[in-house]
Amino acid sequence: MKTIIEKLNSKYNLQEIVYQRDNLVFAAINKENAIDAVTYLRDYEGFSHFVLMSCVDWIEDGKFQLLYLLNNPTLKSDLGLKVYIDRNNPEMVSAHHLWKQIWTYQRELKEAFGINFPGSPRVDENFVVEGWTDIPHMRRDFDTHEYAQKTYFPRGDRKTNDPAEYMRKKLYPNQPITAKQRKDDK
Amino acid sequence: MNIYVKLAYTFLGLMIVLNWGMLMGATMRKIGARVAGRHGIPFKQPWIDLFKNIGVRTTITHGIMYYIGPVFRLTGGVGLFLFMPAVFSGSPYGIWTNFSFEGDLILILYFQVFGMLGMALGAGEGGHPYAAMGIARGLAQHAAVELPLTLAFLSIAIQYDTFSVYKIVEAQQGGFQNWVLFTNPFAAAAVILAMLGALGHSPFNLVKAPNEILIGPATEYEGSYLGFMQSAGAIIHVMEAMLFMNLVFGGATNWFELILKTFLIYFWSVFVGIVFPRFKIEQSVTWFFKVPLLLGVLAILMYSF
Amino acid sequence: MSELDLNDKVSEMLAKSEANVIKSEKTFIHPEDEVREVVAPDGSIIKINPIYDYFSGERPQEEKPRGGIVEKFLNWARSESIWVLGFGTGCGSIEIPPLVTPRFDMFRFGIQMRPTPRQSNAFIISGYLSVKTLKRVIRTYEQMPAPKYVIALGSCTINGGMYYDSYSTINRLDKYIPVDVYIAGCMPRPEALIAGFVKLKELIKEGKAEKANEYARNFDEYKANQKKIIKDWSMPDYNW
Amino acid sequence: MEQLDLGHISLAIGFLLILIGFWGLLTQKNIIKIIVAFTILDTGINILIVSLGYIVGKTAPIVDNSVEQLENHNVVNSIVDPVPQALVLTAIVIGFGVTALMLAYAMKLFNAKKTLEINKFNDLKW
Amino acid sequence: MVTPIFIVAIALGVGFSIGVLNKLGKNFTGGLVLAAITFMTFISYQWFYAFTFGEQTPTYVYTAGFKPPFSINLLMGQYEAIITLMINSIGLLGGIYMFNSLKERGSNAQVVYLILIMALNVIVMTRDVFNLFVFLEISSIAIAGLILLEKGTRSMGAGFKYVLATSIISSILLIGIIFSYFITGTLNVDDFISLSISTYKGGAIVVFLIMIAVILELKPFPANGWGLDVYEGSDPGFSAIISGASATASLYVLYKIMAFAGVEWNYYISLIGIVTFVGSNLLGIKQENTRRMLGYSSIGQVGLLMVILGFKDILGENTPYIFFGILISHYLAKAGLFWLSGIVRAKGLKEWAVIRKKPFFLFLMGTFIFALIGFPPFPSFFAKWTLVMDLVQSGNIVWVAAILFGSIMEAVYLFRWFGYAIKEENKHLEDFKIEIHKIIPVWIVAIALYGFGYFVSQLTEVSSTINFIPFAFVILLFAIDFLPIFVKNTVAILGMAFYFYTIYPQLDNFRLIFEVIFIVGGILALIAGYAYKGKREGFYPVAILMYAGLTGIIEAKTTLEFFYGWELMTAGSYFLIIRGHRSMPHGLSYMLFSLGGAYAILAAFGIASVGQDSISMSIINNIQYIPTWAYALLIVGFLTKTASVGLHIWLPGAHGEAESDVSPMVSAILLKAGVFGVALTLIGMGAENNQYSVLAYTLGWIGAITALVGNLMAVFQEDAKRLLAYSSIGQLGYIVFGLAMMTHLGWLGGFSYVINHFLYKAILFLTIGAVVLRVGTHNMYEMGGLIKRMPLAFIAVLIGIIALSGVPPLSGFTGKWLFYNAVLDKGWYLQGAIMFFSGGIAFLYLWRLIHTVFLGQLKDNHRTVKEISIWFLIPIYTLIVGILVYSAKPQWILQPLAEIIAPFFPSNQLVWNGGTAISHYGNWAGTMVMAIIGIAFLAVLGVQLISTRKAHKVKQFDITYAGERPERPETTHVAYNVFEGLYKAMWPATIPLVETFWNKITNYLHDTAGFTRRIYSGNGQAYMLHIVFFILVTYLVIIGG
């Protein structure tokens, strides 16, 4: 695994290499080299299984972090390649030609984060939500509570209680509060 | 006999058969529930369902054929009753022999299809794919069942040298040792096995296959249509059992005997159905082409040489 | 990074993203609903408007109960023969199968499952409803023949339950389809379901379960609510 | 047959030529050689014809002085059978015609394909 | 009377004078040559006329004033007159045809052509063997010279091979001649005969040499590669002359030589002939080049003529009739075909599609091909008939089989060719130019063929009774083919109606049933023709041709008339079938199976006529010579038309691809011809005769298995018309089964099915055909939901399928009920069970038919289709009325049927008590059953009407779809591969064993042909080697062995 990472590093200049476990490594890679590296790993290093593709919204840094998680069945090892892309211009090269299931991941990311993958098949179609018109719903700047309040007739009389407090009051209304409980409450 | 009296008796008989069919259906479901350790439905449930269905307020129709499909079905059931001698009373023109003197076994065999075909066409106009699938399965299975049944019926007809159901019943009178079940065991065995397919319970309930193809042909039918089909189903179940009873189990000399025998015949298919899961079409078809067909051929060969 | 900085940053980002947010310009016409041109066998070109040509789409009419002894008898029959559509919309659907087990045995009450909406008169909304599922629920509900009854299961159908702030889950079911009986809980146990059925039977017998007519009466209001959240409305206004 | 008379010799030669002709027709690949073989065959047949009409000790059926000088002056008895002689004339003419035709063909064929190999002229077959 | 020597004189004179005139610079050679040939034709015609209508006796012409052997003498007898007339007239027509091409080659070519014709004349007339040799050589040189004068090099090789081969042959002839002179001292044929040369020492060898040379001139198989190359390579005009004139002359030489060769040669000539006939026709199958294929055909025909010559002692006084019948057909048709091939300029068979849209060319080509195969009304039909009759009567059945086999092989490639011409795509082909002087001779020979056909038919007593009126009607319709469809259709219908009116009183009831089905059914089917637009060229003549044939077999008093009608019907139906789209291969297989069947029937008629003093149809009631085989042959022959299992593979494609109103004609109507034949045969076998019980038993099994196979295959079809076609196979299986039972009930059931099948299959085919016309596809899965657009068509199909499936109360149940009783009566239980099982299977495909076409989802592009045409609805609803009447009052039809059957199968197995049929086994009251069911239905309907009075009409996507909605009708309509589950269970039963069997046979024949024809390597020496080997083998067989 180490040799693979070193080879890859020498080839594509990895950053933030994290050896999570013996058989699980994460590393960041440039946007330009990412698909090259994935292809290289698939074709030469035996990472034949595409596990998943995910996205993290680093709103503070103005970045989306895409993760391509690959698996090598012979080494029983996983390698996560992280790619940072600009949040304001979220676009990534499509990798649908490598594994067919990437279509679906990219379609999901397009819907949930608004990341575009030009050329990926059916990327514009609905994935989970149908007829979504607001900003992509998994972005951190999307306020789901406000949206729900606005859209779905919330019942005005809804009250929310801390279950522990509520049950204590309901079951043992007269019992004084112990010191331990007060400490816990803090 | 006056034709009006005859009609009245026939109508009465039809009512008996209809109600007995419903009761029998309820009983069988009750039995199934008991096997599963449940209480099951109340005995009155079929009637309640029928009334409820007739009381439905909105109905739809997909077209004329869809509309008269249930009519065909019920006519098929009623007609089957009309051409079947129900209770043997020593005369082909007896009070409970209905209009069986107008035709014979062949008429009954082919008339069975009348309702089925009408229903199939009606469901077809509904345009629902599951309806078509159910019918296709049903027809395939029907064809497979037909072969051993036909062989067995031919064998029985050869045995008694007649196609008249009445005469076959007549010949079986005078004790159970005269029943086809004992006098022509191969034919009887073929009938008993093929009967499972004809009655359409699990494992041969491909046509309806609830939850797989949504009750099959009846998918689009609701309300009164469904009520009609339920009634027809009740009648046809009894009529099928009655046909086998007349041909193999010595017929009936009174209504009680009829009820007992049809119950037992029907129970046999329910008994099998509770134990076995549903077949696929090809399994069902090949099943009929194995043992039942062999028995049917044996039944024929017995009389061929 | 301090908390204050973060907040600043976030609000800054928010302002930015407002500017270049991807507001979709989808019109949400289902591709199968677009008007299409086909060539007829005789060579002429004909226009197909699927929603108009393939669906009836007529408004539902109120079917007033006839009243009198007949109606009473029929109501009794309806109450004793509740045919439930086998459609699990949410997590509560796992509470329905126990009903057919020997322990609960709903058949005793004349309650049976049916596979097709055409033959059912009761619809259990089992728990939370996403917008996507709601579309199917509406379609299915409308296809059931009147009189029809809806049993809403769990707090999600009442006020959204634990999904009260979800962007994709509705809060109040009765804004979209009329509900006869609510069964509270998260989730209500099968006993509670049976209690709900018994309540429904009482309502039917009393002649109070006429929500199908209510739906027809307030059809426009219901439709407006439905269409407000279902943006890709790819079906006729009323599904027969 | 104590001695070989002229008739038998020519008969044998005729047959030999015929066989040679056949052999040549069937084995030679060059068209010109085939034509030559045919003429040999033709010649053989002609010799055959003449020799079949030959009667030992008799002269050609040309009625001139040499015949009249014979003892008995019986023309019929002193000449060989004239009919084969007449036939052979026709046969020679015919053979000539055929040979000429073949040569014409050979020329045209050579012009067409610049070869005289008979194997090359099998455009039409099967 | 001009002496025949002038033929030679004129030719030589003109030849020489042309040489002189050319020197003078005059150039009217062409006209002069034609004039000379015309004069030669006149001379021979004069003699022919004198022989035929006068009292002329054969005349010898002596040259140079001496008697043979010192001079050459010519004989002008009757045959010589005919044959020289044939040669000269073909020479004249050929001269006209080749006028321009001869002119291009210069005046020498014209002279050579003239000399060729003259040489052929002399070959025929001369009585001197050496003269024969000389003129044979002259003709060979002339032909080779003409080829030499052609432009281009392609034919050069062929010409050279021709010269080589003929010179070897003539060398052998010459050796033979000289030895013959040596041993006999004469060269005269008449002397040879009187001296009986073969008795001399060495005579046998001499005869052998002469004989083998003459036989080799006739290009026997396989020593005929040189001839084939010439046919292929040279100008089609020459090919016509070689095939028409040269071969005719050579045949006559053979006839002359046979006079002194001794009777033992007859057998060998026949043997060589039959080997040539079968062999070259077999090899013809593999040919793709038209002229080479025609060459094979020519050689084959000559082989057949050799067979006839070989059998001349056995055939006796019929020999000239047979010989000239076949010779004239061959000579005219082959010349016509060669000429056509010159006009069309198509080399490959498929390129003949260029004449696809030219009806007159198709007419010419069809005329020639049908004349070659021996269809009526051409002379070869009558000749072949007589030949087969005579051969069978003399016990040479194996020869008949070989001849018929060869004929079928010939039909294979000729009809394949014809099929290409009619059906193949011709977009990419260049059109050709028609020169008037080329087309005229073709027309002349075509018309002559019809003329000779009529003439020949009037020659003998039996054939002169044939009714040519229907055929004349066909010609009339062909003549008015340019008129609009409305007129033609009316004329056709009126003609048929009038004919039916005139013939009606002559028929007994048995025949009347079939005549009604044929003619009335035909009229109904023709009514649908009004729905078509345009002219529909060529449809009416062929349709009426089929009906002419059908009525012919009904009226037939003699077996010849029957066979005549049968062949006419085959020809007509072939044309009808091949009109459909993509139906070329099906038309071909239909034709081949039909011909095979027809030949079986022909052979059987021959056997039947043994020991009888007439050929009236009644002879099949009392066959004396190998009767079981004769009946078996008859049945096999008729079963090809009923498409029983094993012989059915032509039907699905033929019926499925035919036009909408043709399908009912060929299915509901035409198939009954086979039934009629089977019925006649079974009547002939007789009810009480146990001798044939094995035959009937086999037939019963065939019927039952046919029913099963047909119905089962119908279940798995995707094409609506093919489904109906397979269904027809199954239904015909029922009929055959019913008839095979040979009991009263069985026949009653069978006949009830005959009528029923006619009614409902006509309804179904007409309706589905009309629907196909509207929606433009045959595939059921591309239709659906059409009930909304075509309710009347739906009702028609509904009634049709209820009647077909045998569900009471409609009429199909009648047949089922009768069959059950008959099966029990006869004791054929297992077969019966198979039949009833197939009846059960019928539900599957019937439901599928109505469901996938009319129910389910209406497709996008069918949303505006209209109800089927009124012209289809009229016959459909007429037939529906028929079905309803039959259903309500079955006794109206069954009682007369029983009376018809009673004379053959007397019985009182079925008793009528009012409307109730009572058999020993059960009873059935059709009217009452219908009434009871009707009342029950109406009562139930009333209840439903009350309970669902407020039903809301919805549209097609308003279905419960598991919470979703259907997206497209195509994805919602269950129509493709509907019975997949059943298929998984029953696929072993659907393996097309029969088709595989016939495919294997076809492949085997093709492989054999493909392998064998490799001996024709194109190498001249190889051809010479063939000749040498042929001589050696023949020598070993005839003399050495």
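Each chain gets a letter, A, B, C, D and E, in the order it is written, and its residues are counted from 1.
Following the convention adopted for this analysis, a contact is a pair of C-beta atoms (placed from the backbone, for glycine too) under 8 Å apart; a residue touches a chain by one contact, two chains touch by 3 or more.
Given the structure is predicted, the values throughout are model-derived calculations rather than measurements.
Undergrad: Trace the shortest sequence of touching chains from subunit B to subunit C and report its length in steps.
TA: The least step count works out to 1.
Undergrad: Quick check on this structure: which chain has its C-alpha centroid closest to the centroid of all protein C-alpha atoms?
TA: So the chain sitting closest to the middle is E.
Undergrad: Any chance you could check whether D-E or C-E wins on number of contacting C-beta pairs?
TA: Most C-beta pairs in contact, of the two: D-E.
Undergrad: Specify the chain most distant from subunit C by Cα centroid.
TA: Computed centres place D farthest from subunit C.
Undergrad: Relative to subunit A, which chain has the most distant C-alpha mean position?
TA: Computed centres place D farthest from subunit A.
Undergrad: Using mean C-alpha positions as chain centres, tell me how far subunit C is from subunit E in Å, no decimals.
TA: Here the centre of subunit E sits 71 Å away from the centre of subunit C.
Undergrad: For subunit A versus subunit D, what separation do you get between their C-alpha means, in angstrom?
TA: That pair's centroid distance is 107 Å.
Undergrad: Between subunit A and subunit E, what is the gap in Å from one C-alpha centre to the other?
TA: Distance between chain centres: 78 Å.
Undergrad: Need the CA-centroid distance for the pair subunit A / subunit C, whole Å please.
TA: Roughly 32 Å separates the two chain centres.
Undergrad: Two or more other chains touching the same residue: where does that happen in subunit C?
TA: In subunit C, residues 116, 118, 240 touch at least two other chains, as defined above.
Undergrad: For subunit E, jot down the residues that touch at least 2 other chains.
TA: In subunit E, residues 952-954, 956-958, 960 touch at least two other chains, as defined above.
Undergrad: Can you name every chain pair that touches?
TA: Chain pairs that touch: A-C, B-C, B-E, C-E, D-E.
Undergrad: Any idea which subunit C residues touch subunit E in the complex?
TA: Against subunit E, the touching part of subunit C is residues 32, 36, 38-42, 44, 46, 48, 50, 53-56, 58, 87, 116-118, 136-137, 139-140, 143, 234-235, 239-240.
Undergrad: What residues of subunit D sit close enough to touch subunit E in their complex?
TA: 18, 22, 25-27, 29, 31, 34, 38, 41-42, 45, 48-49, 52-53, 83-84, 87, 90-91, 94, 97-98, 101-102, 104-106, 108-109, 112-113, 118-119, 121-126
Undergrad: In their shared complex, at which residues does subunit B touch subunit E?
TA: So the residues of subunit B in touch with subunit E come to 54, 58-65, 67-68, 70-72, 74-75, 78-79, 82-83, 99, 101-107, 110-111, 113-114, 117, 120-121, 124-129, 132-133, 135-137, 139-140, 142-144, 146-147, 150-151, 154-155, 157-158, 161-164, 214, 219-220, 223-225, 227-228, 280-283, 285-286, 289, 296-297, 300-301, 303-304.
Undergrad: Would you tell me which residues of subunit E are touching subunit B in their complex?
TA: 785, 787-788, 791, 794, 798, 802, 805-808, 813, 816-817, 820-821, 823-824, 827, 829-830, 832-833, 836-837, 840-841, 843-844, 847-848, 850-851, 855-857, 916, 920-925, 928-929, 932-933, 936-937, 940-941, 943-944, 947-948, 950-954, 956-962, 972-975, 978-979, 981-982, 984-986
Undergrad: Please give the residue numbers of subunit E that touch subunit D in the complex, ascending.
TA: Per the touch definition, subunit E meets subunit D at residues 69-70, 130, 134, 137-138, 141, 144-145, 148, 153-154, 156-161, 163-164, 167-168, 170-171, 174-175, 178-179, 181-182, 187, 225, 228-229, 232-233, 286, 292, 1013-1014, 1016-1021, 1024-1025, 1028.
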